[in-house]
Amino acid sequence: MNPLTNPTAQAVDEVLIYIFGFSLILLLGITAVTIYFVIRYRRSKNPEPTSDVAHSFWLEAVWTLLPTIIVLTMFWYGWVNYVGLREVPEGALEVKATARMWSWQFEYPDGRRDNKLTVPVGTPVKVTLVSVDVLHSFFAPAFRIKRDMVPGMETYVWFTATEAGTYDIFCTEYCGLGHSDMITTIEALNEEEYAEWSKPAAPSGEPRGLIVINEQGCTGCHSLDGSEGIAPSLFQLAGQTRRIVVNGQTKEITVDEDYLKRAIRDPESEMVEGYDPMMPPYDSATVSDADLQAVIDYLLDKETEPAGPDAKQLLEENGCLGCHSNDGSIIVGPSFKGIGQRQVTVERDGKKVTLQVDAAYLRRALLDPNGEIVEGFAPMMPAADYLPEADIDTLVEHLLQQTGD
Amino acid sequence: MSEETHVPVPYRTFILIWVALLILTGITVAVSRVDVGALNIWVALGVASIKSSLVIFFFMHLKQESILFKIGLLTMLVILAIFVGMTFLDILYR
Amino acid sequence: MSESTTYTGFWQESPRPGILGWLLSTDHKRIGIMYLTCIISLFIVGAILGLAIRLELIAPGETIMGAQTYNATFTVHGIIMIFMFLIPSIPAAFGNLLLPIQIGARDVSFPKLNLLSWYCYIVGAILAIIAIFSGGGAPDTGWTFYVPFSTQTTTNVNLAAFAAFMLGFSSILTGINFVTTIHRLRCEGMTWGRLPLFVWTLYATAWIQVLATPMIGITLVLVILERVFGAGLFDAARGGDPILFQHLFWIYSHPAVYIMILPGMGVISEIIPTFARKPLFGYWAMAFSSLGIAFAGSLVWAHHMYASGMSDFAVLIFSFLTFIVAIPSAIKVFNWISTLYKGSIEMAPPMLYALAFIFNFAIGGLGGLALGAAASDIHLHDTYFVVGHFHYVMFGGGGFALFAAMHYWLPKFTGRMYNHKVAVIGWALLFVGFNVTYMTMQAVGVAGMPRRYYDYLPEFTTLNQVATAGSWVMGLGLLIMFVNLWRGMCSGRRVGKNPWGATTLEWEVPSPPPLENFGEEDPVVTKGPYNFKGVVADEY
Amino acid sequence: MSIEHRDDTGARFGMWLFLYTEVILFSGLFILYAMALAKYPAEFSDASHKLNIYFGSINTLVLLTSSLTIALAVSAIQMGRIKQTLILCWITIALALVFLINKYFEWSAEISHGIYPGSEQLAEMGPGITTFFNLYYFTAGLHGLHVFIGGTLIGVVAVMTAKGKVTSDRYTLLENSALYWHLVDLVWIFLFPLYYLLYH
């Protein structure tokens, strides 16, 4: 817990420090007295008890009253600062957050949607929280704020980012399989960056359908590259056949526009065989008819479009840059600068080996990072084996091109 | 261990209680036809409480039981009231 | 035993020979032993699942199991540890063994009901195990069964919920039995002021069992009905309210945490006087604080819901009441410690466990204060800090109290003594491993790691690895402890009536006690429970 | 060898404790009811009017009367009038059956109107009404189960009385079954106005 200057974190930290401080004193006191008694009055030294007092009104009264006073101060402090967490300051920016299994979506006042929460530094932000399926919870540890997202109910949190940076958002209400993957970030931007960001989105070149798919968090369950998970992949759908269950009967159909419409608007009516009925229906308030059409167009001619994300984006999205820098500095792991031509010394099966970086090595480093540990670093890199093969290729290729300057 | 056996309650008492219960039932049904606003539910609950007291004290012989039984019942009712009442702290002020 | 070296008390004396003599026995001691056996077995299963959880969390990403398996693992771990291990542990096992003897009775009020309650327990446990391996797979809802997830998941929630319902029913029957027994079957001279404090805590616990447990029953039944009929009682779109489920759930499950800790406190209140050779300080304060915890404990359930979307007014009231419950606990801690003052203290294994209990419970309880305060709970709720807190109070408190009880009363019920040196080694490993594991969990929680996370961000790695390493030390300690107790039970040195020089009634009957406990004559009590004048410990 | 120990007061006290647990069991449903009533007062009285008050009232009379007969049965056995005890027990059971049959017809009628938990028609009536009927079915269902159990219990006791195992100085079993039966009555005393008699 590093010291933080934002108002909500300060409110909570004051209380935490107050209670932890008192607790520590009490604990040390109790422990010290116990140890002292146990040593001082041990049987070898004190073979018979030297006091027979079995009660004392005054002592009892003291240790009833004293704790009462202590806990009441704790209660009051906790409550007062809690009220501060609930009262949103005037002029707060309003953002709506929608949670669904297992993705986040933020909707800004100008109607744009994104799966990250981008906010300006120094302005209070009120995040209105809704859930479309089960309970989720919005938790931003850096701001010490948390609130459950309850289907059918609107809740909120507020915070002010006082320093630019990236802060984690976790889902802290258990919501099933992807609960621990339901993580995103708050991007706190300083004035210029925020102004830049708020400009009407430059046409990104991405097809509208893909934008909608990302905004709606479909990729929380569906892959776009053919890998099957808890839901069928949305890769190369045109012309595929599907075994679906309708009213308890299985039949085979070919994927077409109408089928996809039904699959998105009313997923439970026709279930792809072998999957659980967990997909929420998306009505026209959530995905407009035009957007639905865009999604379907996108899904149906996906095969013509190989576009995977580029390497830079992959490094960003997968949190690689949280540990590896591009500029030679060391954050947690080795920097990417010059990695393509480096010689490294690694520990493999307990033995030190020096080798030249090549594609095969990089691939091993991504997929089985703990097999070989670069000298001087801790074995803490998570394996990137969840990425599709194509992305690994892209990354390896990109890294090999990093030649130093 | 002392055995507290009860003197049998005469049939007459029970029949009188039964008549009272029937009359009270008539009253609740009748009252429910009259609009007294939010009071309706409280009247209904009030009459039901009277009826249940009759059942508990006479049919169930609580009147003849020792104080322990009465304290027990009271404890249960207090806890029940806490469970219901304190849930309202949330619902009514949300 | 002096008369005969083959004396085995209630282990042999039975109206029926063989296994049926156990399965159909209505003797409270036999039922207690049957409970203890099952509870310890299930504890070992649950603990191994805990070990598996820690192993999975040794590094980010998948290490030994997938996400679905992980979710099922902590759910089953929680259900076993709470419903099958800790709630019945001390009341059903040691309560049954001791309560009648400590109040000078031959048995509980309803021996047949007692046996029935054991059968409910067994049926519940078996159903829970079937639920893991059948239907749509092991339940993955967390032990809290929160809706709407629990009504939507396709895993085997119905059976698991029904199993928990049966276990609850078993707990209710035990509670009814104990309240009635304590009111009706005290022997001559056993006034309320002479009850051992263990009996007082069982009394308070039994009332919670009677008055709170039905609530979990109906709550779980509603989850099942929801799943079967799809009625929508908790579905906002159909007029339901998911938060109401949480109220119903915690109306039981908060008082339940006091079912888990109160009897443990009773055990500690027996052990400390014995090994300090002094009456317990503040008898009435201890007795009434037990009742106080039981009563006030039923007023605070919504402190689990500060972040749930509940009204702020409710947060105010429930936070206030939460702090009130801390006061009787503080009184108990202070009274235990002042009992040591000017005593003659012997650090026998039960005493070590008792002192470890006080230390662990203090840490867990003080952590509870940080959770009880509204502002700090907002940060800590559903993080590993909560996981740390409840392992401290449940395992460090309830669990250690059970271990203390096993070391204290094993000689009484088997007539044999375990090896003290080995017991101390096991205790030390367990104590150190325990604190390393859970202190670290509290730290990683304060740093912001959410609970029920199969995978975590790299910044939490180091602390998680420390916690995992701690769990191995703890596991080793447990293993040594169990093996030592087992060997002591089978082949330890024989002991007489009263190896510790203790004063409550159970130490006046032979070890192990005979079937009727007190022979022909019912005992007559003439003094308080902790009068050490003239009591000497038997040599062993 | 089992230790014969007789404590009638203890047995009754145990029964009372058990009845407390039953009350708390039902109270879970009553809590849900109270919260929903606070949220949807108008919908609740609408829904209440869809229930048939005649069925409800008749069943109230039936249960009150059965409560009387079983209370009389206890007095009868205390006075050693075994024959009367038996008759009163059988009347009680008969009334329990009448109650259940009545319930069967009431529910069939409602179900045939498409009102039952999870039905589409119910969902169309909107949130408050759905909640009302869900709770109604679950509470009345649980109560019906208790009627069934209570009736069976009294049947068993009646048989034992006929066989002479329950006698004028050993009648705790009958007393406790009667207590259970009164509880069934008590629950209905609240259930009836809460579900059938809400004002429009």
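Observations
Per-chain numbering from 1; labels A, B, C and D assigned in written order.
Simple rule for what comes next: a contact is a pair of C-beta atoms (placed from the backbone, for glycine too) under 8 Å apart; a residue touches a chain by one contact, two chains touch by 3 or more.
It should be emphasised that the depicted structure is a prediction, and the values quoted were computed from it without experimental measurement.
When every chain is reduced to the mean of its C-alpha atoms, the one closest to the centre of the whole protein set is C. Chain D has its Cα centroid 35 Å from the Cα centroid of chain C. For the pair chain A and chain D, the distance between C-alpha centroids works out to 51 Å. Our note on geometry: chain B versus chain D, Cα centroid distance of 15 Å, whole angstroms. Shared interface positions of chain D, i.e. residues touching 2 or more other chains, are given as 7, 9-10, 13, 17, 20, 24, 27, 31, 35, 39. Across the assembly, chain A contributes no residue in contact with two or more other chains. Those residues of chain C in touch with two or more other chains are numbered 183-185, 211-212, 215, 237, 241, 243-244, 247, 309, 312. Chain-to-chain contact here is organised irregularly, matching neither a line nor a ring nor a star, and falling short of all pairs touching. Interface residues of chain C facing chain D in the complex, by the touch rule stated above, are 15, 26, 106-107, 109-111, 113, 172, 175-177, 179-180, 183-185, 210-215, 217-219, 221-222, 225, 229-233, 237-241, 244, 247-248, 515-516.
Residue ranges of chain C in contact with chain B, taken from their complex: 183-185, 207, 211-212, 215, 243-244, 247, 251, 298-299, 302, 305, 309-314, 317-318.
Against chain D, in their complex, chain B makes its touches with residues 1-11, 14-15, 17-18, 21-22, 25, 28-29, 32-36, 38, 40-41, 44-45, 47-48, 51-52, 55-56, 58-61, 65-66, 68-69, 72-73, 76, 79-80, 83-84, 87-88, 91-92.
Contact residues of chain C toward chain A in the complex are 59-61, 67-68, 71, 140-142, 146, 148-149, 152-154, 235-237, 241-243, 276-285, 306-309, 312, 315-316, 319-320, 322-324, 326-327, 330-331, 333-335, 337-338, 340-347, 355, 358-359, 362-363, 366-367, 369-370, 372-379, 381-383, 446-448, 450-458, 461-462, 530, 532. Only residues 1-3, 5, 7, 9-11, 13-14, 17-18, 20-22, 24-29, 31-32, 35-36, 39-40, 43, 117-118, 123, 126-131, 134-135, 137-138, 142 of chain D touch chain C when the two sit together in their complex.
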